[in-house]
Each structure stands twice: as C-alpha cells, then as structure tokens.
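Order of writing sets the chain letters: A, B, C and D. Residues in each chain are counted from 1.
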Amino acid sequence: MVYFDSDYMVGAHPEVMHRLVETNGLHTVGYGCDEFTAKARELILQACGIPAGEVYLLEGGTQTNAVVIDRLLDHNDGVMATETAHINVHESGAIEANGHKVLALPEHEGKLRADDIRAYIRDYNDDDTRLHKVRPGMVYISYPTELGTLYTRRELEAIKEVCGEYGIPLYIDGARLAYGLAANGELTLRDIASLCDVFYIGGTKCGALFGEAVVTRRPELLPRFFSLIKLHGALLAKGRLLGVQFCALFADGLYERIGKHAIAMAIKLKSGFIAKGYRPFIDSPTNQQFFILPNEKIDSLKEVASFELWGPRCEKETPVRFVTDWATTEEDIATLLSSL
Amino acid sequence: MVYFDSDYMVGAHPEVMHRLVETNGLHTVGYGCDEFTAKARELILQACGIPAGEVYLLEGGTQTNAVVIDRLLDHNDGVMATETAHINVHESGAIEANGHKVLALPEHEGKLRADDIRAYIRDYNDDDTRLHKVRPGMVYISYPTELGTLYTRRELEAIKEVCGEYGIPLYIDGARLAYGLAANGELTLRDIASLCDVFYIGGTKCGALFGEAVVTRRPELLPRFFSLIKLHGALLAKGRLLGVQFCALFADGLYERIGKHAIAMAIKLKSGFIAKGYRPFIDSPTNQQFFILPNEKIDSLKEVASFELWGPRCEKETPVRFVTDWATTEEDIATLLSSL
Amino acid sequence: MVYFDSDYMVGAHPEVMHRLVETNGLHTVGYGCDEFTAKARELILQACGIPAGEVYLLEGGTQTNAVVIDRLLDHNDGVMATETAHINVHESGAIEANGHKVLALPEHEGKLRADDIRAYIRDYNDDDTRLHKVRPGMVYISYPTELGTLYTRRELEAIKEVCGEYGIPLYIDGARLAYGLAANGELTLRDIASLCDVFYIGGTKCGALFGEAVVTRRPELLPRFFSLIKLHGALLAKGRLLGVQFCALFADGLYERIGKHAIAMAIKLKSGFIAKGYRPFIDSPTNQQFFILPNEKIDSLKEVASFELWGPRCEKETPVRFVTDWATTEEDIATLLSSL
Amino acid sequence: MVYFDSDYMVGAHPEVMHRLVETNGLHTVGYGCDEFTAKARELILQACGIPAGEVYLLEGGTQTNAVVIDRLLDHNDGVMATETAHINVHESGAIEANGHKVLALPEHEGKLRADDIRAYIRDYNDDDTRLHKVRPGMVYISYPTELGTLYTRRELEAIKEVCGEYGIPLYIDGARLAYGLAANGELTLRDIASLCDVFYIGGTKCGALFGEAVVTRRPELLPRFFSLIKLHGALLAKGRLLGVQFCALFADGLYERIGKHAIAMAIKLKSGFIAKGYRPFIDSPTNQQFFILPNEKIDSLKEVASFELWGPRCEKETPVRFVTDWATTEEDIATLLSSL
C-alpha cells in the first residue's frame, strides 16, 4: 500500500528524530526557557530576516490559530476568512469557543481577495448599526490554502495594503508553509515574514513530530503571550522538544529540503495524472493534488493506494486528493501511477 | 413630526404604565419570586395552553437570545439560523461571546426552510470529518422575521418535524410576536407554544417598558435556568416589574389588542402607499412595512416623518421601513400618506 | 407588616416614577442615544466634577460588574476583592463566566486593605512562576461594603496609591452609593469620582426602578464600551428609560435626599435597638443595620416585621439585618421598635 | 552538575524513545484513530481493571485539567479543590478562562478532606441565596499532591462517599501518578480507577516525552469528548505518538518500573538528608522531597546540584525541593549527598 492521505501520517523526518534521540538524556529547564528553544528562535528570526521579531513554539495548528486569534482580537471583534478556511470549518468551533465570530467571505480557488475584505470593512464602517455588529478585527489567510493554491506577491501585497489602511493585523496560517515556499519562486520566507503581521511556520505537516512556530515582526502585537499560551493549555512542559525540532528544521536548510522533496513528488504525480488524461479538480502547485476520477477508477486505485475523497462521493466521478510529504518516495509515485 | 422608525421609541402602553404606578409602593420579595411574577407565569401558560410549562422573565431580546441559546447548546454545538437573523447580524457577537457558532443558512423572504435545515444536518452527519466541525445543535427562527414576514403553519410544522427527526430544539425569537399573532389567522399563541420547544413573547417592542417572557412546554430543557440568568447579569433585582407588566399585557387581552391596533395601522399605511403607486420592497403582513421610494421622495418625506432607510442609500431609489406600534395613530398615518 | 428585608422591595421613588409617566408618550431614538440619556450624562459628570469623563447607563449591578470587569481586565488577569465581595459570592460566577478569576483577599469589617493588595502584588511579582499564575489586574471594592461599612478617605487614598504604583485600575461598586454618601461627611461624590478609575452609581437600590450609571474620569479605560454592553445583552432598547430616571435622580438633588432619608431612618432604628440593649453585629453607619438578636425575639419580631437573618440560624441568638430606603417611614421604625 | 529541579527536565525513558523511533516511518491515520492508540487504550483499561471504561490521550497536564473540568461542569458550577491545587495556582487561570470558578478549600499537607467538602456542600444547600452562588459541581484532587503526599485508602473512600452522596464526580489529577503508585502499597492503579470517576495517568512527568491518559470507568460522563478535545486545541494530528508512548509505558510494566526507580532514588535521598540531620519540610513518600536547609548550605549545594527553592528565600533557612525521575542515578544521589 502507498499512502497519500495526508501529511501527518508518518513521524518526523529522520534528521529531526535523530536530534530528539541525541538530546533525549540532557537536562534542561522546562516550558521553553531552554537553550534549544532560544537557538530555534534565533535561527527562525534569521531565516525570516526579522532579528527584532519574536517567536513562540506551540504544539498544533488548531491550537495555534486559537491562541493567536484570541490574542489579536478585542472583545466584539471577528476574524475575516474565506468560507472554506480551516478556522471556519474544521476546528470544531475553537474560535467561537474563545468568543469570536469568523466572518466568512467568498473564496476564489481557496483564496481571499483584498477587494472583498475592503468591501466588507467599508460596509461595516458605513453601517449606522455597526456598533450592534461584530467588528472586522483581523484577516486570516492560509499559505498555501486548503486547496493547495498560493497567493501571488501582488495578491498578498494588496491584502497587506487593505489591512494597513484600516489598521488591522494580517495573520497567515502556515500549516503547510514548507510546501508553499518550495513550490513558488515568487515568495520567500522573508517575504511572508514582512508581508504579514503574525504567521506560523508549520512543523507538524512539514517534517516535525509536532509543533508550530508563531513568528511576528511586531512583538508588541502579542503581549503576555507566554501566560496566554499557558492559559490555553498549550504550553509544553518539556518545551525543549519543540526547540530541538525547529533547530533541526532550520539549522541546515532541512525545512527547505523537505518542502522541495514533497513538491518534486507532487509534480511527478500531477504530470502522471495529466499524462493519463485526468483533469485536475483545481490547479494546485503544492503538495496537495486534486483530481476528478471516475468512481470505478477510485475503487480500483484504493486497492494499492490510500487517499481521500474530497467531499462526498458523486454519482459517476468524484474529486480526490493526493498529498505528498518528506516520506513520499519515487517508488510510491510509480506504484500509484502504474495503477491508474 | 410623525414617527415610524421602530417599535421601541415610546414608553409602555398606558395600561401597563398604569399598573406599574399603581403597584409602585408595594413591598415584594426580589428576583422574580414575587406574586406578580407568579401570576404572570400563570396567565402566560394559560394563554399558551401549556399548564405544565415554564416561564422566565428577562429584560431584553439580545440578552434573552444569548441566555436561552447558551442553555440549549452543548459545547461544540452551533445554532442554525438565516444569514439575516438578528443573532447573526445585530447582536454584537453575543452568541459567539458565549462560545457558540451561528451556522448561517440561506434566507427566503427572511425565512429559514426546513429543507435547508435537513440538508445541512445530513451533510454534517455524512461528513467523515464531522467530529472536527461544529455540530448543528438547534434551530433559531424569528416570528415575525426581521423582514416582517410570517411562517405558514405548514412551514413551521415542517421545521418542527426536521428538528424532531434529529432531536434538536426549535427556538422562536418572538420579539414582535404580538404583531405576528394579530396579522395572521393561521397561527395562534397556542400553536406557537406547541410547535416549538422554547420561544419568547416579546414585551419591549409590544407595549412594555422592557421585558421578554421565555416560555417552554418542556421545562427540562432549561435546567437551573434561574442561576444561568443571574450568571448572565440578566436577573432583575426588582423582578416584579416584569411580572406586573406581563400581568397587564395578559390579564385582559391587552397583548392581543396592542397587536391588532398596530396591524390595523400597518395595513392602512400599506394600502395608502400602494394606492399611490409605490411598490413594496417585500410583502409584509405585520407591523413593519417596506417600500422602495425615490430618493427625492425620501428627502421630502423626512421633513414630516421619521423612518429608517433599509440598507445604504442607493443611487435613485432606496428601500425604507415604516414601523407601527401601540402609539401609532390614525392621524400619524394620515399625515404620512398626505405627504407622499 | 413593616419591611426591612432589602432596598429592592419597592418600586421607584415617586419623583422618578412621575418623570417616567410624564415622558412615557414621547418618541426618542433607542439604545441610549436619546436626549434624556445625554442630559443624565451631563448631570452626572457635573455632580462628579469630571466634565471630561464618561457615563454609561446599564440595568443592574451584577451585569454592571461583569461588563466593567470584562473590559478592564486582559486575558489571564484576575480581580482582587475581599472574600465576602459580591462578585466573589453572590453573582453566580459571572466574573468567571467571562473568563476571569476573583483573587480573594482577607476582609476587615467588609473592607479590603491597601497593605494586603500590595503584599499580594509583591508576592506575585517576586514569584518565579508568576507567568503560570493569574496576574492581579485590578482592584474591586464596594462603597458601602456588603456589611454597610465605609472606607475612610485615608483608606481609599492608600488603595488608590497602591493601584497607581502598579498601574492597575481601581473600580468601586456603588450599588448603595447614595447611602454611603449620605452617611459620611468625609467623602463626597466628587471624592469617589477622583479616587477611583471607574465606579458605578447605584440606581436600583437607591430610588430607581432599575439602572446603574458607570462613571469614569478616564474614558480611555472603557474603549468600544457600547458594543461590549450590547454583546453582554446589557443594552436597553428603550435606553431613555435609564436616562429619564438618572435625570430625575440628579436634576434636583433627589439622589442625595434619598440617601439622607434612608440614613436618618437607619440611625433611628439603630439608636432604638441600642437603647433597648441589643448589640450590633457590626457597627454600620449606612442603611444596612446588623444586630444580634435572641432567636425567640427574632420569632416574635417576624410577626410584625419582615427582615433577613444574616447567615444560618444559630443556636440561641442570630445576626439579623434591617435595611432602610426611600420608602421607609417613621411609622415603620416606630412599629419595629415598639415590637422589640 | 546533578539535576533535581523537576521531573520534566529530560526526554523520554529510553524504551519509550526506542518505540517512537521504531515506529517513526509507519503510516497511520491521524487524530488518534490509529491502532497504537487503540492498543494503548486496551492496555490501560486492562491495567485499570475497567474493560468497559474509556481512555483519551491528551498532550499536557494543564490542558487535560481544563478539558476534563470543562466537560464535567455545567454552567454556574465550580470545582472544589485545595487552595494549593495546581488548577488554583499554577495554570494561569485556565479553569476560569473556560468559565468556571475554583472553589478553594483548606489543605492539610496538600490534601483535601472529605469533611471540608461535605461542610461546603451543606452550607451551599442550606443557603437561601444559593441560586445566586456558584454550585459546587465536582471535586478535584491530585495523587500525589503538590506536596508529594498521598491520600490513604480511607481518606479517598471518604471523599468518594461524599461525592456519591451529592451526585458529583470526583476527578484525580495524576500528573505524577507513577510515583504515587510506586510509593504506597495501599492503593493500586485499579483502586484509583474505581475510587474516582475520571482521572488521568500522567505521562509527561513519568517517562514520556509528553502525554496524559484520561481514564474513566463511566464513559457517559465525557460525551462528545473527541470534539471537545479538538475545540480546546488539544487534539494531536499525529495522535499515534501518544498511542505509541502509552503502549510502551503499559505493555511491559514500564510505567511501574519508572515509578519504582524514582521512589528508590527518593528514599535514598531522603535517608541521606535525615542521616545528616536535616529535617523534612513535609514528610513526602514520593519522588518530591522537601527539606529545610540553611541558606549557606543551599548556596554551596547549588554549585554541584540544581534544585528549586520552595517559596521565597527566607532569612536563615529555606525549604527546598528535590525531585527524582527515571533519569536519576545512584551517582546523582551520591554526588548530592556527599556535598551536604
């Protein structure tokens, strides 16, 4: 069996695992006050080109979104995001559980448009009853999006501009950031770091056992964040585990290599499907590839490969998703394609 | 100047006010444990035909929605409502502030459809990732709706049926219930009480100074509700003020008379506009009437009458709203129509 | 029967009621944007001597405490208060329901001491684990206290000083403020307004039907407060009802007169009890009087007067409480005393 | 340097780490729906002697307490615990952030007494104003306590009895459960499982990298717990990491061995201190040992050993804490004792 269900099905990249084993017996202080976490912070800020920025290491994506958004929003504020945004659909209502409304805007191939954001805020500002409404208090996007697509530099700059215009922060969910960076020559990690206010570098789906690094070039946006992390039950006692992993990912270009490998595999997979005449459900340049397959083809493919239907099974043909990661091999792809 | 802005612009109906004055000097115990509140409960349950039901008196509509919905939903549950529902648009995020998502469904002339509810729940149930999503835990509708429209008996029965099918409660926001009951021969107060699980009889907009009566034929749905009301800051110290008002409204058919008067005025207003060739923005049978007027007509009318634009001013003509209540007089209508 | 249970047993002072009746038929805009509310704001700021301050009118005490404290505290902050504070004991957990811990400190005749506050904050600041703890973020006191006692000017100044030292706000719950001001030559309304950051002038227990006026000399402490009031379900649709009442209370010295009357009655009551040899449970100068009475005396007194035991009935004698207000008459006192 | 600061300073026990490495490259489904988690559940239920029970694997202690308590309490309920309980002191207000009050009761060597619980509930039940108060809705204790002490069977049975009497659940925080079980012949894991309603088996401090296993013999107490875990941001994507670790801990008696080793080291340490004439701050039978040391002795000891002051440094002598775990060696103890 070959596996393309998701990018959280295997453990950590061997180099990450190696560092965890190597450091396992060392004694360090807890709660992320250790030297590994300090080093990870330094490496990340360097890689992002924001030496005066700040980094916090958390455990998972839903948790990270919940804590960051809870910090960035005032009472009565909502977070603008696409209807299909992870926070709007797949986080069990975590944002609302912390008291905030997700203000769902239209999506265009998984992306939010600057114009829609501006229109929403203008309507709010023009509304005589606005004090009875939820105030649009920040923007959430993901890079790559849930559909594997990427914002262009121009699109992201436009969103940054509208946020700046209205003085609200832009937050990027980078659960799969490695793949976004590897897929696209246009935006680098430094670009991401400077184009938004807060973002997170996904570890869980990009080669770590678990862990996400919240990064900001504006530390004043996250006051008292340590206590807030603790209050949300998101502070790891053996915090150095996060530090060790992010050191491994950022010390020697590993994060970049992981991204590039998964993208290379994804491109092979995509080309193979297209060569065999299948049409993409959406044109994704990243490690998630979506195709529309006849149901009987899905059934036969399921005998050799594990992957997800994208939505409910339709009558004749159904969109499916294939995800690559650090563990995907050329052989996996060959096996999959040969079964098409 | 004549006033048609809303139904909360004047004080209480004189009969209500009279009872408040008359009882002002009496000593009673606090927090709604008094005899007036007991009597109001009895009168309301009698009028609703549910002697084994329960009644709680609260202060205002947003507060009532927040407390009831907080009680009816479990963690992780959301409330289904139309996109235009008061709880989704005009309550400053009160539902989310208590931890719950509003699951916005399409509206049809302000109304929610049983089929849309069923489809939403089915999609949720069929979704493999449903445990990562917000569970649809109850249905919220308003009667009349925000647009003044009314559910037919058949529409309401269909919603009750789908709720029953999936074991979730149906809650009706009756902020303007008096006008819904007076406008429509099809549904009585008893019908409302039996067709939903919990509803509230609006006082604020229907002749009281303030106050809403939460009614349920299933008291087990609102366990420990007294303490929850207190916890939400919604428990009135001089609770008998609510009791006295609802006694006045329900002792002698006053609630019905108030509804009928406002509807009579609304019909006169509507006929007058139609006779003069204006077309309704929506065909409302209740005390809110919506017309599309040329902007210059709006400007001239504003010199004699106070009323609201319904949405932002458009280029040439704009929808406007006229609201009647117990205080609207034949003269008010005549003045308005003569200025058309 | 004569009534001394509490100060929320009767309706509004006749002058307040008169104004409500007089203005009942007027049309005004809703939600406190009316001229009566504006006038009330002006009168209150004038009476407080803080023309650049701000006033917000809410409905009840628990609600007011919840909304103000929710606004003043950051995530992870707690509110310091005495163990016996209303917010710690009798608000059904409303403060916690909004996410904040009540940090209970010792009480001394119902009062909080500056030294205890300072010691608590110092311990917190000196604690290496403080980022894992709840930060003391504000001080809550009531004036008068739950036990009817009053802070001296020196005590209040000392608390203000420690709050200033650590940059945290001091909030005063003035549910019974009228009685505190009338009882004591030392502190005026202006003193209160300048010695704390935010306080509320109690209406419900001091002559209004309902209503509390939040006052601050530092409006920047309560940003976006209107929307927060709405979000908490605490915004009255017919907001002018609060404006009319506070206009009545502050236009012609009525608030002061109500306080003085109740205090005069309380002093008569107190003197009468002492003259008959009963000893106070606590020496209160305000409208709540506490005496320790033999149980058989309590039983016989209960036949002519209504009042509360202060805590559970003890074996032989039990503390009881008598409360006066605007409606207490010389005859009531005479009846009570003659039955001793 | 030898380390006695805490039991979260090193990584996982080598056998746990070995299993993580060994399984690192396997593909499994996410979110704890994998076979390792299923196996861990089975092993734990077997070890606890409650085959019909249920197990949930979470990431850390504060998080686990927050999620479990949020599930067990209704609105308006509080959790009874000692003043020194972890949830009351060292979780940044996480319980309150979820809306619940910690009802702090006296502690006796770190322990809660059944009599204090009963008295508290009785007072609540007897209080006429109880509906205005926070209802005592559950009991939280830790085993071992924060001070390393252990409840006797009789003490625990008495608490279970009072909980049963009033129909409220008893929850045990077992962050250091391995050490409690190893120290004491009186109570086994099966005893713990049957004497409380819900408890957690601490992994983080007892040999795992991270992870806590929530166990209940009454699964109906934790309905829809998966979604609640997700909502709290506590659901690990690569959930099998927890499963693998708990399999390692429970497959071959490792959890027991880890406990026994740490206790053996603690006893050596304790005997050594006592032999040299130092007196314990508290008589702890578990892996936390507390002694009162002269300040100059603390200073000299700090040159070879790392450990924590227990509270602020006093004038002449100060209580300090030494903690052992799986990584503590005979040599560490020898080094420490030889420096005394």
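Just so we're on the same page, a residue touches a chain if its C-beta (ideal position, glycine included) is under 8 Å from a C-beta of that chain, and two chains touch if they have at least 3 such contacts.
This one's a predicted model, so the numbers in the text were calculated from it and none came from an experiment.
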Exercise for the section: Report which interface contains more C-beta contacts, comparing A-D against A-C. Expected result: A-D
Problem - Most distant chain from chain B, judged by the mean position of its C-alpha atoms - result: D
Fill in the blank from the handout: Separation of the C-alpha centres, chain A versus chain C, in whole Å, is 50
Exercise for the section: Provide the C-alpha centroid distance between chain A and chain B, rounded to the nearest whole angstrom. Expected result: 42
Problem - Centroid spacing, where centroids are CA-atom means, of chain A and chain D in whole angstrom - result: 34
Fill in the blank from the handout: Note: chain B residues in touch with at least two other chains are 75-76, 91-93, 97, 131-132, 227-228, 230-231
Problem - Partner chain A, residues of chain B touching it in the complex - result: 75-76, 78, 89-93, 96-102, 104, 123, 126-127, 129, 131-134, 312
Practice task
Would you pull the chain B residues touching chain C in the complex into a rising list?
Solution key: 1, 3, 5-6, 8-12, 14, 17, 20-21, 23-30, 59-67, 91-94, 97, 204-205, 209-210, 227-228, 230-238, 241, 306, 327
Practice task
Would you mind writing out the residues of chain C in touch with chain A in their complex?
Solution key: 31, 70-71, 74-76, 131-132, 135, 223-224, 226-228, 230-231
